[in-house]
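Two complexes are shown next, each including chain A; its partner changes from chain B in the first to chain C in the second.
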Partner chain A sequence: MQVTAIDKKAQQKRAKRKEQLLAFVLISPYFIIFVLFTVIPFVMGFVFSFMQYNPYMPEQNEFIGLDNFIEVFDPSDPISQRFWGSFSTMLAFCAVNTPLAILVPLGLAYLLNMHPPGFKIFRAIIYLPCVISVTINGIIFGNMFAGSSSGLINAWFGTEIKWLSGLPWENDFLRWFVILLANVWTCGGNFVILAAALRDVPKSLNEACEMDGGNRWTRFLYVTLPSIKPAVSICLFNSLIANLNLYGGPYVLNEIDNESLLVTPMMFIQNFLMGGVAYARQTGYLCAAAIVFGAIVIILSSIERKAMDGRKKRTKYTEEYAVARGNSYMIAKEEKDDAKEA
Partner chain B sequence: MKKKFVSVLLAGVLSAASLGVFAACGGGSDGPITTGELKKDENGNVIFENVEIVCNTVVSGTDKDAFEQIVQQFNIEHRGEITVHSESIGDGTFETSVPQRISNNSNAPDLIMAHQKVLKSFENNDLLQPFDEVMELSGIEIDMEDYAEGLAQYSSLGEGDSLYAVPVDAQSMIVYYNKAKLEELGGKLPETRAELITLLQNAKDEYGSGFWPIAWATGNDYFARYVFPTAVLQNGGELFDTESLYAEWAEGENEDAFKDAIGSIRELIYDKNFAQYGRESVLEEYLSDNFLFYLTLPWSNNEHLSAYADEKGINVSEVSDYLGATSLSGWFAMDAVDPSANVVFGDSHFFAMSKTVQDINQKAAILEFIRYFTQNAEIGTQWARAGHVSASKIVSESQTYQSDSIVSHYFIHFYPDLDDFRCMGLTPAFKEVQTNLNALFVSAVGKSSITDGTISSEILRCQEEVNAIVDFIK
Partner chain C sequence: MTQKRRKTKSERTRRKEKIVSFVCLLVISVIWSIPLLYMVGSSFKSDLDLQLHPEKLFPSSWDEWTLKHYAGFLVRGGQVDNMPIWMLNSLWSTAASIVVTVVFDLITAYALVFLKFKGRDSIIRFLFLWMAVPGVIGTAPGFVIFSQIRNALDLSSAGTYLYIYFWLIIPSGTGIFNMLLMRNFFRSIPPDIVDSAKSDGAGHRVIFRRLVCPLARSTILLIVLFTFTGSWNNLAWPQLLLSGESSYWQTVTVALTGYTGGASWGQVGVSMATSVFSLIPIIIIFIITQNKMIDGIASTGLKG
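Moving on, here comes the complex of A and B:
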């Protein structure tokens, strides 16, 4: 009897091990790629940031401690000034595009949630641009808004407007407009998440609000919005990260119509790292700049997460709903939402 | 808690170990190594037996076909001796991918054909080796006396008397003129800026609105890249100090040269209204004969001639009855007697040898190929027809070159004296110089009205942009 129990235990152990092995095999392709293209480059970059490093002249490589970081934070260094200057580009873009990346898809999802005629077609149309890569998106918008008469918009209107080029301080608005348009065009990802969240909003809550005399706007503000908060939070987080790492779109647009007029921190680092052999001697400094940039992105994202967490307050209607359904139901739902967010 | 501690400890150990490994990577770079022995015949000529060399070239687009044709011809003529494998790598990635290949010795080229401006950075990072040793051992001589002085001056890459790079060609903006119109205006091409202004004024008076004495597309990137530096150099300016590498655009006489360059272009556009600003193409004026001078790029010469022939309903060979060729020499020089008044600025391809080549037979084969490409009159003519004027005096003085219909009608007139041809020169910060010249051109020439003070501050701003990078990469 005892032997059978031990056998059973061993069998369970074997089965568990087998399961673990299978899990390991299944995740190994991703894991290998993750190690090769994320972990190793990160460790190398981290190490290089403490070195005077030139990949072409290894005999000159030496450990220099925090010198590169000190240089990055040196306000009198013109290159560091450019690095920090590129943050203003990034932050300006974040400030404008992050709300847009939520508001536009939310508006569209809200409208389509009313199920107007042909809403399925619209849903597909709104999502479709998401399938296109950032590069292709940049090429499409770059060619549409190219400054020459070969640009589609200029060709249509017979104009030669320099949408993307010219002096940075002269045509900023037009260039930003094009980049924002290109980014908003690909808001399909957020649209899908928000549309799904809107469908999950309990009808009874809306009805309760309506019975209390709440109009459409009030219902949206006090019922819909709090109910879809987890989805908004996810979208906000994703959009913020994407905008902080702004690179592909402006890069392609710059390539099409001008050179390095729009420089975000990612572009600043990449422009030098991929700018040719002339900048090889500054690899260590650039790695330090990348580490600093990464740290700032982590801090900003954490602030965003904290801010969203801090707003976990029930509204009047969710409170009443909780009373009606029982507090345990609401607590379970909130836990589920938290898990989703995480 | 324990697990967390172990993870942190592991990460720390890993980082420290990596730091040690990478720091210890400085094994010291060996200089170029030469292995193997050369076989020679009784006359002392090297005997090649199935030597293979890989060439990475920056040449792309339509020129690539011409380049590959020449390589193929060489391979046929040297069957069983030398085979050249060429790979075209676009301008955008050449500077990153080729150094990586050489540095890692993975898929590394033996020979590179690059623009002059990038070679100093290659040399600074020990990616190249000089030709001196192989020339001495093989007896295959490449003498810089046989090449235009304007280009040969960059061949040592600033390393004393060593030969690191061999000039192949030259290219800059080319100028066609309308033969019929010029004939009506007296038939004499201008030799100085004053003569140019007079001629253009006559043309403007004669042909009125819709006609542009100069049809140029300043919106084309190459305009600012070639014409603006040409204007600066013709006025005695320097793009950077050859010793310190700093841009000194806002200093003393150099600032005057920059201002004169800007003024000379502005005068043609705004004061005299001889040319336009901002157009990206002026093909319409060209095809409708509404121009006296038309500026374009040399590698599109064939397309331009064909388009013109199609428009007129004539053969391409007949186009030379309608279009002549001339150069930008003296166009922007405010002082006609300035020794640099006839300078033309542009790009030039150079051959250089990768540091990875060790076998003496390969090194000699590389020299043989370079000699073939740059000193063979037929090949030089073929390459010129693709838009690249030969840097070699042996080629340019040959009968084959001078009697070729396309070369003689057009190419030998575009930059008539290559001793007056200038490239970017030996600075690793060439990109910044180029970008900021471009920015300066746009800011100083782009507006119809601008004060002298604004021009001065723009020159200073662009100079500081360049010098920040010079400090960064020095």
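Moving on, here comes the complex of A and C:
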């Protein structure tokens, strides 16, 4: 008996070890590639940011401490001026586009949720632009908004507006407007997520609110919006990240020379890297700029997360407050809950 | 008893709602499809028609329809033109990305869910944390490493091509979002099924091939779709890797940037025809799988 028990234990141990070995074999390809191509460049980014680094002249490389970061925050440095200039245009764009990227799809999803005949076809048409690449998006919108009279929009309205040739925020808002339109056109991802969230809002809640005399607007505000809040939060997060990392839209939609155009931080970084040898000695500076940019992205997205969470807490608070004051709407809501239970 | 019942108020409002939303959505869909119709229509217009009738979406009369713009980029001067080569570059690299992604995701998620080993939880926590890290920090060093190794290897022309595409394809296989999608699906498989298979004497290979993979078919399809659209439409990273190389090597999305910006907006017909041509694969995939795709995006979005 004793012997078999020990045997069993040893067997179990061997099986466990075998399982561990198998697990490491299975996960190692993924993690080796992940470390080599994602983690190591990330760490190198921090190392380079403290260096004067030039890949073509290794003998010049040296650690210079925080100098790169000081240069990034130095307002008199011409490159830093361009960097922060690109930042402000990007933030302004974000402030306009992120709300639009929620409101437009939300409106569309609300219409779709009434289930008109053929709603699947409508859904497919509105989602379709999402699978089209940003380059083709640029070709289409660029030709539609071409500055001469041969552009579709100019031909329709009989104008000769130079839509795409202005520098953003300097003499022309129109180019941002076109990029904005192109972005709204591709809001299908958010639209699909919001439509699915709206479908899952319990019908009984809506009906109960209707019985209590809530009109369409109150129903939307007090029943629909709270129920789809998680989906809205996700969409907001996704569009915020996408807008902060905006690169393709401004790159493909311009009528001036690509080289001279730096309108978002991503374009700033990309432009530097594609510059080859001429910009190579700025690699350390570029890494510092990328870290500053990345830090701001993290801060903004966590503010967004916090704000969405915070609102939940606040509304809970206001609900309690309202119940204490005997607010009529809250009583209606309790009744609604009763109705739901019944 | 069987007399026709008068419609209730809520039924009437619901009907009204349906009509109103139908009309609204119809108008919106028409507006939404204008850019695409414009693209398709302009690609069939002759150059003269493009000049004379820029306000029309389609050729102004039946005689004006032409395939000239399409003929131009398939074969030019007795040689295969760039366009089919760009398409092939995109197609094979996208297919390779899909294979790499699906294989990596399947085996890694299998190990993370069905095998017990030390450090499993910390790996998952690490992946979740890493999702919040902006990739932009690694872009510049990644590019430096890429070009340093390329200079050190001193490759032949074909070798350089393969090397660049290696850098395009392999890192795309480690997308965390797809991996966690697969893991979430594996976790939703009831453990009883796996246990009963084990008690029937099935090893891990049998469980993986005969049980888990068939169950995961819809998630695999979803990952294939995400990878397909993502890889086909990827602009920034391929543009960086392919900058300064032979134009034959470009993927279609990168190559078409030559038709945007500045002076090239004169040649509307050709650029539109090229766009239509490069959209063919993705539109075919979309038409076949649109319901699965849209539902998949909705559900992954909701789970967050």
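Just so we're on the same page, the second predicted complex is superposed on the first by the 246 of 342 C-alpha atoms of A that agree within 3 Å, B and C clash if a C-alpha of one lies under 4 Å from a C-alpha of the other, contacts with A are read in each partner's own complex, and residues count from 1 in each chain.
Assume a residue touches a chain if its C-beta (ideal position, glycine included) is under 8 Å from a C-beta of that chain, and two chains touch if they have at least 3 such contacts.
None of the values given here were measured: they were computed from a predicted structure.
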First (chain B), second (chain C), both or neither touched by A:R281: first
Contacts of A:E62 with chain B and chain C, given as first, second, both or neither: first
Touched partner set for A:C209, first chain B, second chain C, both or neither: neither
Which of chain B and chain C A:C94 touches, first, second, both or neither: neither
Partner chain(s) touched by A:T38 [first = chain B, second = chain C, both, neither]: second
Which superposed partner A:A109 touches (first chain B, second chain C, both, neither): neither
Contacts of A:I79 with chain B and chain C, given as first, second, both or neither: first
More chain A residues in contact [chain B versus chain C]: C
Chain B versus chain C as contact partner of A:Y251, first or second or both or neither: second
Which superposed partner A:M51 touches (first chain B, second chain C, both, neither): first
Common ground on chain A, meaning residues reached by chain C in one complex and by chain B in the other: 44, 46-48, 53, 55, 149-150, 274, 276
In the complex, chain B residues that touch chain A: 14-15, 18-19, 22-23, 25-29, 95-96, 99-100, 103, 118, 121-122, 124-127, 219, 278, 280-281, 428-431, 435, 438, 442-443, 446, 464, 468-469, 471-473
Parts of chain C lying in touch with chain A, wherever the complex brings them together: 10, 17-22, 24-26, 28-29, 32-33, 35-36, 38-39, 42, 50-51, 54-55, 57, 104, 107-108, 110-112, 115-118, 120, 123, 130, 132-145, 147-148, 167, 170-171, 173-174, 179, 204, 229, 232-233, 235-236, 239-240, 243-244, 253-254, 256-257, 259-262, 265, 268, 271-272, 274-275, 278-279, 282-283, 285-286, 290-291, 294-295, 297-299, 301-302, 304
Sites on chain A touched by chain B in the complex: 43-44, 46-48, 50-51, 53-63, 78-79, 82, 147-150, 160, 166-167, 259-260, 274-282
Chain A residues touching chain C - in the complex, by the definition given at the top: 16, 19-20, 22-24, 26-27, 29-31, 33-34, 37-38, 40-42, 44-48, 53, 55, 108, 111-112, 114-136, 138-144, 146, 149-152, 154-156, 185, 189, 192-193, 195-197, 200, 207, 210, 230-231, 234-235, 238, 245, 247-248, 251-258, 265-266, 269-270, 272-274, 276, 283, 286-287, 290-291, 293-294, 297-298, 301
